[in-house]
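What follows is a set of structures to go through.
Shared chain: chain A. Partners: chain B in the first complex, chain C in the second.
And now, the complex of A and B:
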């Protein structure tokens, strides 16, 4: 198989990048390991207020529809249930499904593999009934299955708080959302949970979870006080880390940026990586909000199109600077640290490569 | 347990399908993954880990953690969280060393 652009991952970033490339008539293939496009949007019933201008405020699942509807009339090949498993010596990408392995010869690759949830280690964390908050959300919203009756949520952040409320709305008894930090800075987060009669426990850790074959009991240490709870569900919400394996296989260099989720590929202001044919976008380029996911995808796609000679310098320059401005406002609204870390990450790589930052980027640097 | 009335989303179609788990006939809804179909039937333990012989079930539900492998129609090592259930499927828990399949190689 031959293509101009190969997009690895069919979540919001991959879909938005594909809309950009395919609408220019560029041959585009998306490979997606799941049975359907949409990535994590498939189960996100929460509203997203802070989205790029061309999107209305909407629920994640509706945004997924919007993206797929925009993409469907365009000439594009979607390979569902296909994974990237390696690179051939000549640079072609190795793809596999359940029955065969084959190469794809792509001029440009955009990696939009997203992020994976981090776990929390305590004795018993591998028992059935212990799962990530994302998994619990998938079960209630996509699969319509109750993951348990009595739940404990480990880790307090906006995502785990949102899922705690969704689980409760489905009839699950939430015994508490616990966090090991001594105090929570985000008062709104705590109030939002308490409004829904969900107990918030700070300075609390799990000592052990037990049960024969599945989790039945948990011992927590709540501010020095031990407590035994009868539960059948523990949801771990410890945040996200970028999924990097395809970038490792593609020989991309990495740097460390704690605020972007830890190890992230190095990239330029074009979202191009140290491998000249590879671009990265979305959570794989550093954990961000949904607006950031969509915008980085657009920036990467535009620059891939420029490298393919489809768009001219000036057009890309104008649109990029507009998109970067929008990215600054999106990411700053959610967490200014994310945007500052991203800009620092890019600046560092440009300096390392002795490649001057584009003039339009200087205005962004001054804004930080 | 199945959520008949979701607080936000419209109801799913009610198309039921039948499958077998370890020989027992069970029901699932069209469009569910194998993992969800099992959990709907209150099966949460999908197998035992190879080395430490510990119970395993759904953990990430995203095809990432490999905790939810099952055997599907004789094919071992299938991720139950990213594979849709189909009429008549025979699912078995993964309890030992898997017979990992090969592939057709070009090049």
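And now, the complex of A and C:
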């Protein structure tokens, strides 16, 4: 199989990138390991107020439909239940489904593999009934199954707080959302939870979870004070980390940026990586908000189109600087630290390669 | 960590950690082992880990491997369970024309006491029914087996620590200066030099770079090997097969590719698919197994294929141990290097393995 653009991962970033390339008539293939497009949007029933201008404010699942509707008239190949499993020596990408393995020869690859949830280890963490907040959200919103009756949420962040509220709305008793530390930035989250009568427990860690065959009890330690709680569900929300394996086998270099989720591929202001045919976008390029996911995808796709000779420099320059502005305001709304880390990450890589940053980027740098 | 040692070992793979442990048995020297990563971050953490003897040729090299295999049970009694299993080793061949070669191998190895049998197809299939009926025969020896390299290195380190060896990890050696009667060793994490009377290079695939710190050109190649791993399968392979083995947890480790691509530890689809095909040719039932992951390691292969062991010529009190098949040779190399350093003589002559053999050309 041959294509101009291969997109790895059919979540919001992959879909938005595909809309950009396919609407220019560029041959585009998306590979997606799940049974359907949409990625994490598939179970995100919450409202997203903070989306790029071209989207109305809407629920995650509706945004998924919007994206798929925009994509469906375009000439694009979606390979569902297909995985990238490797790279051939000549650079072709190895794809497999359950029955066959074959190469795809792509001029440009955009990696939009998203992120994986981080877990937490404590005695008893492997018991059934202990799961990530993302898994609990899939169970209630997608599979329509209640994962438990009495739940404890471990880790406080915007995602775990959102899921805590959704679980409560389904009638699950939330004994609390706990974390070791809570920063001043989390004030809004704490208030939001307390509004919904959900207890927030700071300075608290899990000592152990117990139960025969499934989790029944948890011992927590609040600043030295131990307490046993009867629960049948522990949801771990320890944040996200970019999924990097495809970038590793594509020989991309990595750098460390704590605020972007740890190890992230190095990239330029084009979102091009150290491998000249590979771009990265969405959470794979650093953990961000949904707006950031969509916008980075557009920036990456635009620059891939430019590299393919489809768009001219000027067009890309004008739109990029518009998109970067929007990205700044979107990420600042959620957490300015993400944007600052992203810009620092880009600047470092440009300096390392002795490649000047585009003029439009200097204004952004000054803003940080 | 002080600043002064009698012996510093650079590299903590199966070779460096074995040398450290065996030296520590003498309980006479202050010993430090330095590694730029963690103890299994090099080749020793990405290996097939066969303790493989029977087709190592010429026979003097086979003999070295045999003695090392013989040491494993003894080593386990000293440092603990390293999951050494003497499974017997089968090296199948497919062509009738390989019979002569197999018989010659058996004859040659018999000279040094390695018992190699040449088995007919039926004899092989009786031993290992999962093998393909398409094979023509196999060479076999009950000397061969495999070991868990993770436990091996861990237990060497634990035993060495009990004997007061010190370790410094995540600490690359960046510079070495030879002074009149000692070496100054500079590392990334320590501003001041570490002084040591003796230094032992056990840097595996980085031997060339470490050698350069002493102004040496160590003639080794970096050769990547890719291995694929199946899901855990019910135990069905009794032997170590030339090409694959089934680990304790049921996974089958397959492959022995060789590519000179420098220190690049990625895997490639080409080799993964060739390896999978090879596996099915050997063991048809593997066609149904799922491959769950792959990894690659970088072999250090001396230019002529044989271990480089012993004193470094023209450098006082400097030693080197760099080789392929380091897992097989680990207990013996540790024993001999410790003898060399502590006693000055070795129970097996190491002349043939000296770095000097490459210097004659210059």
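As a working rule, the second predicted complex is superposed on the first by the 364 of 368 C-alpha atoms of A that agree within 3 Å, B and C clash if a C-alpha of one lies under 4 Å from a C-alpha of the other, contacts with A are read in each partner's own complex, and residues count from 1 in each chain.
As a convention for this text, a contact is a pair of C-beta atoms (placed from the backbone, for glycine too) under 8 Å apart; a residue touches a chain by one contact, two chains touch by 3 or more.
Please read all numbers here as calculations on a predicted model, not as lab measurements.
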item: Partner chain in contact with A:69 - chain B first, chain C second, else both or neither; value: neither
item: Chain B versus chain C as contact partner of A:35, first or second or both or neither; value: first
item: Which superposed partner A:140 touches (first chain B, second chain C, both, neither); value: first
item: Chain A: partner with more touched residues, chain B or chain C; value: B
item: First, second, both or neither for A:86, with chain B first and chain C second; value: second
item: First, second, both or neither for A:117, with chain B first and chain C second; value: first
item: Partner chain(s) touched by A:45 [first = chain B, second = chain C, both, neither]; value: first
item: Touching partner for A:248 - first (chain B), second (chain C), both, neither; value: second
item: Partner chain in contact with A:128 - chain B first, chain C second, else both or neither; value: first
item: Chain C-contacting residues of chain A that also contact chain B; value: 88, 101, 103
item: In the complex with chain C, residue positions of chain A that touch it; value: 85-89, 92, 94, 101, 103, 248-249, 251
item: Partner chain B, residues of chain A touching it in the complex; value: 33-35, 40, 45, 59, 61, 81, 88, 96, 98-103, 116-117, 119, 126-132, 134-135, 138-147, 166, 169-171, 213-214, 243
item: Sites on chain C touched by chain A in the complex; value: 266-270, 272-273, 294
item: Chain A-facing residues of chain B, complex; value: 1-3, 6-9, 12, 29, 32-33, 36, 39-40, 44-46, 49, 54-64, 67, 75, 78, 81-84, 103-107
